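Next come two complexes built around subunit A: one with subunit B, the other with subunit C.
The block that comes next holds the complex of A and B.
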């Protein structure tokens, strides 16, 4: 992973110093957010990343995404939070719900970055199910993401939380049913229906 | 009104003063009456009283309707203190005989010497008696006046009222100079030929009667006159100023150095001597008092001289053919310094009264326009305060007065304006300088030189740092720049965000 991220080439704007300063002018700021969205989504897609821990990401030297050592600029936690907020508003990200309390407001430290939205994932999954002939069979979440059959697909080693969100979309469409297991996330079972 | 002439006005609608002319008072709004009739075109304007002229500058159409009247053509004045809704007025009776624009010197000399004709004296070679000039024989011993005898004129050419008076009261017999109120000589009890004249001219401190010269007996209704109506006060400051201006006759003075008023010699006897002694103790007291302020007076006098010098050098330089030794740059720089120094007729609170801030605003605008043209069109109020007070030399103004008069720019339609930035910084900029133009210029600098700090912009644009910062913020707010805040400070870049967006949307 480390070698991959080193070889990743950021767009030219990534070396533009003002990118790391929160622009006070509203119109400029909106465009700055758009630039960051593009950069983050492209980077996460290429690295197959799903989660963003805001505090960890903005620690010096933690991530080449937010800490540009070449021009000695680093995005601040506050600015990143604003950017992620904007992304959440546009449906490009979602704050991670604390599974224990279920409250979103408590800590906005982690976000899921949707370089594919749950709907897109669900249609991707559904196509794969149909291709593989898993209709009317029951699979665990772990099997889907880490099973042999999933190797080489986009959702191989996918974040479980995102995967469950995609499955929930299928369930809502009536294409699948989710069986909550013993509490372990990986043991959640899914039954896909026929076409 | 046909005696009044049009006035030269500066760009801010202030009258242009002659050399040596001093502004004594100004007042607005005033209106003019031509004789008994209201003069329709001259009903709302600012009146200026200078040592040479009365000037009316119309508020509505200053270029067309403004007029001036030479004080020299005023024969006498009359006043009306106002009653209920009627405003106080000063009536100026004009001299029928003289043209309104005299070739000042020749005309005035004859008129001034006429009433104050002073007889010279000659000393009898036999008995040394001091005879008056018109006597052909010695009054005491009867020896005829030798042809080649020297006639001594007792006082210098500028006739001071006081000496005239003193001489007029000299006893023709014993030459003792009596007090004006005496009818008979205190010494020899002989008649003093002249009856004492109750001259108001000579005693300015007196509670003066209303007119300066007694109104002419021969039907003054025939004489042309102009009335000035004071719609909003100012009458009380004008009257004494006008009187003293008419008495001083500043338009007659060609030589700068003031001739000291000759003091009648004290003899140590008589009522006048006692009065003189009292006067002297009073003067002594006053002198001790003024001693404390002597340095200040000296400074004031020097400053006035400096301004005069600056003006003269400026005119000299402008006359000199270019390229004669001094390089053009030097001349330009010198000119700049001189220009910043010379305001020869500073507006003061005394001279303008209630319209002080308006007048100050006009003067300020006059002063600033050329400076702003040279220096980027914008100056912070603090800078303006320094420059303006340096130019005034003396008669400094307070920051508050500067601010108040700057607030008047808009209402007076002057070619500059006061602008308040969001941070509270106040600047004065010329009207033709819009934010868009400034922003464009700043953006061009960034395009040309790459990322810039406020410091660099201040250098490039020759601006004060706070002004440069404000201009950058303003340009940024327009979306032309974006900032990079690092430990080294804020640097401004071209706004690639917006440009990228435009490329992307295309």
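The block that comes next holds the complex of A and C.
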């Protein structure tokens, strides 16, 4: 996909002004959440985005996704947090754990947006490994997402955290083994097994 | 003026004459009824022949279908009355409207969370088109008249579907809850812009604030209105049924 953010066409409901006000009626709110889920997932998929920093994204002018200059409406941080909470509950997103403390209760400032869930990424990866004949070879996380072989695939330049989550699924299924390096995450190695 | 004849003989005469008139009258009436019957039979046969001959056009062309329906209704024949009837067999109408009413029901239910169960006729028609679109182009085109008829066929099921006219728009209500008069007035007011504000309501209806708040709250509660708060602007209450969502498919 080649689309740029300025040429991206949001669905018509993105211009519906009340979409930016948290609806007081519960059933309407539930529907509002669903609309936002669809809008966020479609946008993230088209722009190949993986992470959502809630504070940064809701700053005026930061993102055409949440700041609609055409109708002068902007989603508030509080409402976005509620929406992402719902997405996490439905498995469409995951709060990023603070890597320093490892605590889940850390401030909910960043989330991974799953326009593909880690399970879906893992089967995509596994098919690719088998197609390319990478079975029984060891690759680094960096190689998988940025190597020549990955060019043109859906996971080219994908977020490392999401990639590792997908690899963990493969590992849990007995299709891969992860070797945690001593350095940064990019140097984590993976051995893929045969079919 | 001639003097009226009197006497018994005359009375007898008159009686006989009345009887004769009566007989003649009965004869004429019987003949006329017979003639009418014959005419109706001929007409019915012709109508059937017509329907058979133009079956394809009736199914294809919505305007043609509407005229045919109107003609049938005028002479007391209802091609929709039964799915098993002669007309249904002949035209395949029963299935046609049955299928359409299922599609209408599906769309109304799917869009209910968004519009509170009030959908504009044009929007409904557009969604029906999308729903039927992936089929072959031989699919008959759907007119507003067809939608109205289909909704009528849903009536025996106590579905609560009804067609409302708000200003110059036709709306299909799929929630059995009736709109109160204040709600209807507000919908009419919001029709032009798609939203309303307390100020607009005050100017238009001169209601006191309590009544305005209550009516707006009812609209929000029923999911017919969405609240729009924006600093520096008066609070707006939008009616999603009036908002053009374009070709965006929001169905879950």
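Following the convention adopted for this analysis, the second predicted complex is superposed on the first by the 191 of 195 C-alpha atoms of A that agree within 3 Å, B and C clash if a C-alpha of one lies under 4 Å from a C-alpha of the other, contacts with A are read in each partner's own complex, and residues count from 1 in each chain.
Going forward, a contact is a pair of C-beta atoms (placed from the backbone, for glycine too) under 8 Å apart; a residue touches a chain by one contact, two chains touch by 3 or more.
Predicted, not measured: the structure shown is a model, and the values here were computed from it.
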Room on subunit A for both subunit B and subunit C (clash or fit): clash
First, second, both or neither for A:34, with subunit B first and subunit C second: both
First (subunit B), second (subunit C), both or neither touched by A:91: neither
Contacts of A:147 with subunit B and subunit C, given as first, second, both or neither: neither
Comparison of subunit B and subunit C by subunit A residues contacted: C
Shared contact residues on subunit A - subunit B and subunit C: 13, 16-18, 20-21, 23-25, 27-28, 31-32, 34-35, 72-73
List of subunit C residues in touch with subunit A within their complex: 113-114, 116, 195, 220-221, 223, 226-230, 236, 238, 240, 243-248, 250, 252
Touch list for subunit B against partner subunit A, complex: 451, 476-477, 479, 482-486, 491, 493, 495-498, 500-501
Touching residues (chain side subunit A, partner subunit C) in the complex: 11-13, 16-21, 23-25, 27-28, 30-32, 34-35, 38, 72-73
Subunit B-touching residues of subunit A, taken from the complex the two chains share: 13, 16-18, 20-21, 23-25, 27-28, 31-32, 34-35, 72-73
